[in-house]
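After this come two complexes, each holding chain A, first together with chain B and then together with chain C.
So, the complex of A and B:
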C-alpha cells in the first residue's frame, strides 16, 4: 500500500499537464483544489480521472468521479479503489 | 465606393513546403511534394501516392502546447493552426490576453479529424465511450479548426468554419472579404485546411478519380492539363491569409502583399451539365464573369490564371469555360498554371494554399511552372496556345491574377487579386 505522500507525488505528476497555476502546483497538498487552486479547466477533469485510472489500473465510476475535485477527495477514491 | 480589402499576412502548410519561404522556393523551382505511401498499398488502395506535409514534433510544439497536444490526433487542425498562426504573425499582429473584437476568422475544412473520429468510434464500439476524454468533440466538430485558432489568437469577431468541398478555401476568403466590406470586421483570418491519409482519401480512391498509374513515379503523378493525366493525386495541408480593410492596414503600418479586388461564389444547382460531381458549365462561366464584374476589371487585365485543374481527364472542360468566360483564346489567353501539379489536390485546403501561391506570385512577379505538363492535351491545345502554359518559371511584372476553385455539389468560387497600389 502506497503512503499518502507517495500518492500525492503520483497525483502531482498526473495533473501536471493540466495545471495553469504553477505556484499552487509547487505547493500541492491535501487541501489543494483542482479548479480553484490549480486552475485546471473543468473540461480537463475527466482527463485527470482517466489518467488516474491508467496509472493505478482501476476504474472510477461516475459517482466517485463527481467528488474528485481536490487532492483529498481524489486520494480517498484512489485508496478505496486500490484496496478494493 | 466600397471598402478596399488588402492582404497583410500569409501562412502555408504544403507537402512541398511548410512556411512561406520554403513554399515559395518550392513553387518557383517546381518541386513536387508527392510521395509513395506503403501504408496505402497495404490497405489495398489503387492510388498509393499523395502529398502529406512534413511536420516534425519540434515544429508541432512551437504552435501547440503540451496540453493541446494531449490526445490530439488531427492533421487538419494542426495544419490550420500552423498556417493561421504564421499568417497572424506575418501580418505583424500579436497575441495578447485581451479579446480582439475587430478580428475574426472564417477557416474552412471538408471534414474534421477523420483520424480522431476513427479512434473515437473504435473506443465506443469497444464499450469504452467514457475513455474518449475531453477533446474528442473539439477535434471532431467541423468548426474545430476555427475554434482552436479563435482561442489561440483571442479572436472576438465572427469565428466560424465554412465547408464547400474543393471550393472551401476560395469561399472562405470571399466570406471574410464580405465581412470586412460590410463593416462588421476590421480584419479576418481566412483560409482552410484538410486532413490527409487513408481515411479521408479512401472514398476518392473508390470513386476511381485518383490516378493509379504513378505508384512507381510519384512526382510525375499529378499531371494537370497533360494528355496523360489519369486522375488526381490527393494531398493535405492548409493555407491562411490575413485580410483587412485598407484603412486598418495603413493605420497599423502593415506590409501589404496585395489587394483582394473581389470575386464571386455560386452554384450550378446540379442542373444542365452539373451534378454532384460535375460542374454546370454555364454556372462556372457565370461565376468567372461575375467575379470580373465585381472586381471591376476586364478579361484582358488578367495577367495570370491559377486554375482549379485537378488532373482528371476533364481539365479541358475547365479551360474551355475560362476561354468562354474571358472571351480570350489561343495566344491571347492569359498564362495559366495549376499548383496541383506539385502538391496534388489538397481538397478543402486547395483554394487557400493556391491563393497563397497567387499572392506570392503577385508580390514577387513570377509565374510558377506547371510540372508534368510537357504533353499538353490535344483538347487544350485546340483552345489555347501552349505558350500560355508555362513549363518553366517566368519572371514577369504581374498586376492581376484570377483564381478559381470548383467543388463537389456543383459549387464555384472565383476571386481576383491585384498588386497593391495606393
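So, the complex of A and C:
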C-alpha cells in the first residue's frame, strides 16, 4: 500500500501536463483544488482521471469522477479503489 | 467515399429507417449549424469506432473574397471547423443517440484542437473527413481526425476534443 506522500507525488506527475498555475503546482498539497488552484479545465480533468485509471489499473465511475476536484478527494477515491 | 470495412449508412432517400443506426440525414438534421456555417454534406459511414463524412466547398462561399485577395484558398480555420463538425459534433450526436430524450437538445463545446496542415484546399474541392474515437468518457469525446482531398491525399490531421452533454 502506497503512503499518502507517495500518492501525492504520483498525482503531481499526472497533473503536470495540464496545469496552468506553476506556483500552485510547486506547492501541491492535500488542499490543492484542480480547477481553482491548478487552473485545469474540466475537459483536461477528464484526462487526469483517465491517467489515474491507467496508473493504478483501477476503474473510476461517474460518481467518483464528480468528486475528484481536489487532491484530497482524489486520494480518497484512489485509496478506496486500490484497496477494494 | 466509402471506407473499407466500415458499415455504410442507408441513404436518406431510402425507406424509413427501422434499424438502430441513424441515417446521414438524421445526424445532419440534428447538427446545430445552418448555412453559411454548415460544413457537412453527407455522413457515409459511422460506427462505435469511427465516422466518415464529406463536404464540397462551393466556389461562391463568402470567405473566398478575402482569403486571400485575388487568390481564393480555403482558410485553415474552416478546414478545422469542417473536421470538428463531422469528426466531433456529428459523431457526438451519433454517440449519444441512445440517451437523448429531446433529440434537439444537445450541448457540444469544443475544448481543444491540434491540427497539422499539409495541402491547400481550393474552391469547389470536395473533402472527406475521417474521425477515429480515442475515447468517449465522462462526457468528453476525443478523436484523431484526418481530412483527404479528391485525390485521396492527406490535407490535414490532428486531434479534436469536446465536451458533449445531452440535456435531459
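Quick notes on this one:
Criterion: the second predicted complex is superposed on the first by the 84 of 84 C-alpha atoms of A that agree within 3 Å, B and C clash if a C-alpha of one lies under 4 Å from a C-alpha of the other, contacts with A are read in each partner's own complex, and residues count from 1 in each chain.
Convention: a contact is a pair of C-beta atoms (placed from the backbone, for glycine too) under 8 Å apart; a residue touches a chain by one contact, two chains touch by 3 or more.
Just so you know, these numbers come straight off a predicted model, no measurement behind them.
When the two complexes are overlaid on chain A, chain B and chain C occupy overlapping space and clash.
Of the two partner chains placed by the overlay, neither chain B nor chain C lies in contact with A:68.
Contacts of A:8 after superposition: neither chain B nor chain C is touched.
After overlaying the two complexes on the shared chain, residue contacts for A:50 are found with chain B and with chain C alike.
Legend: residue contacts after superposition of the two complexes on their common chain; A:18 is shown touching chain B, with no touch to chain C.
With chain A used to align the two structures, chain C clashes with chain B at 111-119, while the other stretches in 21-29, 57-65, 111-119 or 363-371 stay clear. Touching of chain A by both chain B and chain C, each in its own complex, is seen for residues 43-44, 46-47, 50. Residues of chain B touching chain A in their complex: 66-67, 70-71, 130-131, 133-135. Those residues of chain A that touch chain C in the complex are listed here as 41-44, 46-47, 49-50, 62, 65. Those residues of chain C that touch chain A in the shared complex are 111-112, 135, 137-140, 161-163.
Residues 17-18, 43-44, 46-47, 50 of chain A touch chain B in their complex.
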